[in-house]
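Okay, so subunit A shows up in both of these, paired with subunit B first and subunit C after.
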Partner chain A sequence: MSAASVIPAVSAPEFVKRRSFIELDARARAQSLMDPGSWRELVGPFDRIESPWLPEQGIAPQSDDGCVVLKGAIAAKPAVVIALEGGFQAGSMGEVSGAKMTAALDLAKKDSENGKKTAAVILLETGGVRLQEANLGLAAIAELIASLLALRQHAPIITVIAGTVGCFGGMSLAAGLSSYIVMTPEARLGLNGAEVIEQESGIEEFDSSDRALIWAIYGGEQRVGMGVADELVMDDAPKVAAAVQRFVKVGLPSQHRSEQVDLYRRRIAALDTSKQIDPLSLSRLWSPNRGAQ
Partner chain B sequence: MERLEFDYPSANRPVSNKAHVGVVGSGDMEVLMQPAEKGIAHVSVLTSVNGFGKSWQAVLDRFFARHDGAVRIHINDAGATPGSVMLRLEQAMEVIDQ
Partner chain C sequence: MSGQVGLRGKAWFQAFTGQNSPMKGDPGSILVADAKLGDDYARFLCVVPDPHGRFPCVRSGEVGLEEAYTLAARLREAIERDEKGKKRPIIAIVDVKSQAYGRREGTAAIFLAAAAAADAYASARMKGHPVISLVVGQAISGGFLTHGYQANRILAFDDPGVVIHAMHKEAAARITLRSVQELDRLGHEILPMSYDIQDYAKLGLLHKLLHVENPDTPSPTTVAHVQQELIAAIADARSGSTDLRNRIESEGAREWRKAGRAARARMEEQWALA
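Presenting the complex of A and B:
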């Protein structure tokens, strides 16, 4: 028996072998989700549609305004992927990035109405409205929400939140309106971020330095556990792509989460607010595996 | 906010590809590199950090001492250090020459 056969073959652990999705930039993330060779980029960086507002405030703009739009196919079905770049201004929605996102969704709706059902995948790494663009950013989110509601009557909208920025502010509303949400354990989803709550209501309300608390409330595991997101995937590009493909193939859900008003009214009414509700018991009460309550 | 322009007439080897690398995040920048229209290299820089024209000149001089591609370069800069600037430029040139 040779020495080689005695020593067990050294194989890299799973986390070393995987191809991180989080480490990809917005463009590479979007590309990794589409069928190879099927896509082209719309309004790309060389078109130089930049924010006219940032340079006036001494901030360098980006040539794609932090929003990447790819049109192509996923699982051989027509699809558009819209990815926000978390590295540029925390993925915030400005006038240009908002217009790109809304126009892409509207084109998908138009194609869907003409018989070419086009799914939308939105990659949200964003803190919400870009404060430097104020009302234009707010208007962009209002328009975006109208476009999401129009498209989801025809084709599914799949939100992917991978991290590490997470999805907050007005853009969490966009996530909430989508047909399906895919998250990694590193991702966070919430309306008001921890620092905002601490700033407005004090450290006794939310200690934003408590990372365990932040992930217990906003984290992917908790959000999927309590049924406000649909699938938890490890940070691995092929696994994220597989989850997106599955939802594209499934198509529209029988009812969108945001339409389940009665269900959530009953659930909220049933909560015992006389004591602090902890994340674990909330996911036990609301777990989708327990069926509708 | 400062806009800087540089010409490199001796860099006139025709190129046919284009490249986009980097992100406008703190301490980083993006580079858009494409074939130059007039057949000689031209660089435009939009930077959020004022007063470093000489440093840009020095880094770009060194870059074009090594490369002779007739490229039009646009840079959106959020405070990249000279070392980072050079790495991003080399990265873009690598994509173009692939």
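Presenting the complex of A and C:
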């Protein structure tokens, strides 16, 4: 048996040569998506606007509050990229990170209204609300949702979930109302993570030690397969950037997924709820590539 | 505290609308009706417990898949009907425990359902419908994001049974490995962590805190009083902007969201230069 039949000759070197996107921090991820030389970071670490709530609880704050905002261009079109740092407090939304995101989106909307259509790319590695800032975190997410929807009337919102934190909690709504979602197979997307479901509804409802089940339900392949996310890309920085560029060029979809209420209402009504739903069957049923709905 | 989450919501829905059953084709957990409110016909929406619901994790007043999509559908229906006419007020009566914590919901992408409901509420607001949230009981986490938090104006009862929070107390205690007593103590020291509605009111997110007698069993006088407050909030919303800037420009925000406001101001300065 030749070596080539064991290890595919083409994909192996490609896999080895790829530049991992997941291994980049939030800042480097954001930079890798913008046209080189086009961007500038706004309210960065040297502005030192930090969470006032974390030190009160004995937790070290971070000088950018785990949120990186770059203004520049993608595919030569005006864009803002906002990246949450999964390595800081699990990318959770606090008062400051929320205000940075919301303010940047509001400014992108203002520019768009004045004729400079500005797309937003949001990189969501986040567990949702930062529990140490509880009500201000939840309020920040509500305000973020409002600002995303206001901008979305003018320019596309592109969510990228690469991993390894994934996108959970209230921030999954931000993903849900995006124009497009790009995921890697390592990424997960859902409102409640498996641990939360197990804790609230019991291990018989969800055994959170079952990694295969977690990825079967929340993983990028499944979310794209069932049509609730748009593109699956390998963990390769140029490929992620290419996917984002394509969506920036495409612009707004004719209808956003979160507006397709009747379609999804019918789909939910058709589910057999007497037992757990098999992810693969659901994916076949809902697949956008299946033709007729 | 009211005995069961959602029952207080149901009592108020009934008091405002004279209805207590779902619209045709809707699940038993969602009550929607148009009813007279001042000079308007307002659309009232409420999530209530349905012990016979199809989804096992949505039988105690949680917001699940059917709930979120039904809210979205009924909101979009109102938007469409008023496309060319006067925009009817939308009143979300909020008494929701949380989002549904089930595997079925995870599999069938409840995140999208929740986004669809938030989208519909925000769309109504942006189209000029006055959207008012009346928090009569609990407003927790994803439940509130889905049903009520996109309102122009939020009113809440000043009552110990009213809780607005990112996570219900028992779950927060389990996750942060603290006792409920410790969480209460921490809440008194760190304002945004408090479970007390009067503390929440300080953050500047509420339009008004309402004092009501016996909120579990609304009397005609109390109902009339709350209706007047709703009418006033509607008028205020109609005269204001259709975004949520009132929440960050409030007196409470100036006092308690200084860091967030500073971040916003700096972003505005630097955006203009970049």
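Here, the second predicted complex is superposed on the first by the 277 of 293 C-alpha atoms of A that agree within 3 Å, B and C clash if a C-alpha of one lies under 4 Å from a C-alpha of the other, contacts with A are read in each partner's own complex, and residues count from 1 in each chain.
Here, contacts are C-beta pairs under 8 Å (C-beta built on N, C-alpha and C of every residue); 3 or more make two chains touch, one makes a residue touch a chain.
Keep in mind the model is a prediction, meaning the values are calculated, not measured.
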| item | value |
| --- | --- |
| Partners on subunit A (subunit B, subunit C) - clash or fit | fit |
| Touching partner for A:282 - first (subunit B), second (subunit C), both, neither | second |
| Subunit B versus subunit C as contact partner of A:63, first or second or both or neither | first |
| Touching partner for A:78 - first (subunit B), second (subunit C), both, neither | neither |
| Touching partner for A:95 - first (subunit B), second (subunit C), both, neither | second |
| Partner chain in contact with A:46 - subunit B first, subunit C second, else both or neither | first |
| Which superposed partner A:156 touches (first subunit B, second subunit C, both, neither) | neither |
| Touching partner for A:225 - first (subunit B), second (subunit C), both, neither | neither |
| Which of subunit B and subunit C A:170 touches, first, second, both or neither | second |
| After fitting on chain A: smallest Cα gap, subunit B-subunit C, Å | 16 |
| Contacts on subunit A seen with subunit B and repeated with subunit C across the two complexes | 50 |
| Residues of subunit A touching subunit B in the complex | 25, 44-46, 48, 50, 55, 58-63, 85, 87-89 |
| Subunit A to subunit C touching residues, read off their complex | 40, 42-43, 47, 49-53, 56-57, 65, 69, 71, 95-96, 98-100, 102-104, 107, 129, 131-143, 145-147, 149-150, 153, 169-170, 172-177, 189-192, 194, 196-197, 199-201, 205-206, 217-218, 223, 226, 228, 256-262, 264-265, 267-269, 271, 273, 276-277, 279, 282 |
| Interfacial residue positions of subunit C with respect to subunit A in the complex | 54-57, 65-66, 69-70, 72-73, 76, 99, 101-116, 118-120, 122-123, 125-126, 141-142, 144-146, 149-150, 164-167, 171-172, 174-176, 186, 189-190, 192-194, 200, 203, 205, 243-244, 247-248, 256-264, 266-268, 270-271, 274 |
| Of subunit B, residues touching subunit A in the complex | 1, 18, 20, 23-25, 28-30, 32, 34, 46-48, 74, 76-78 |
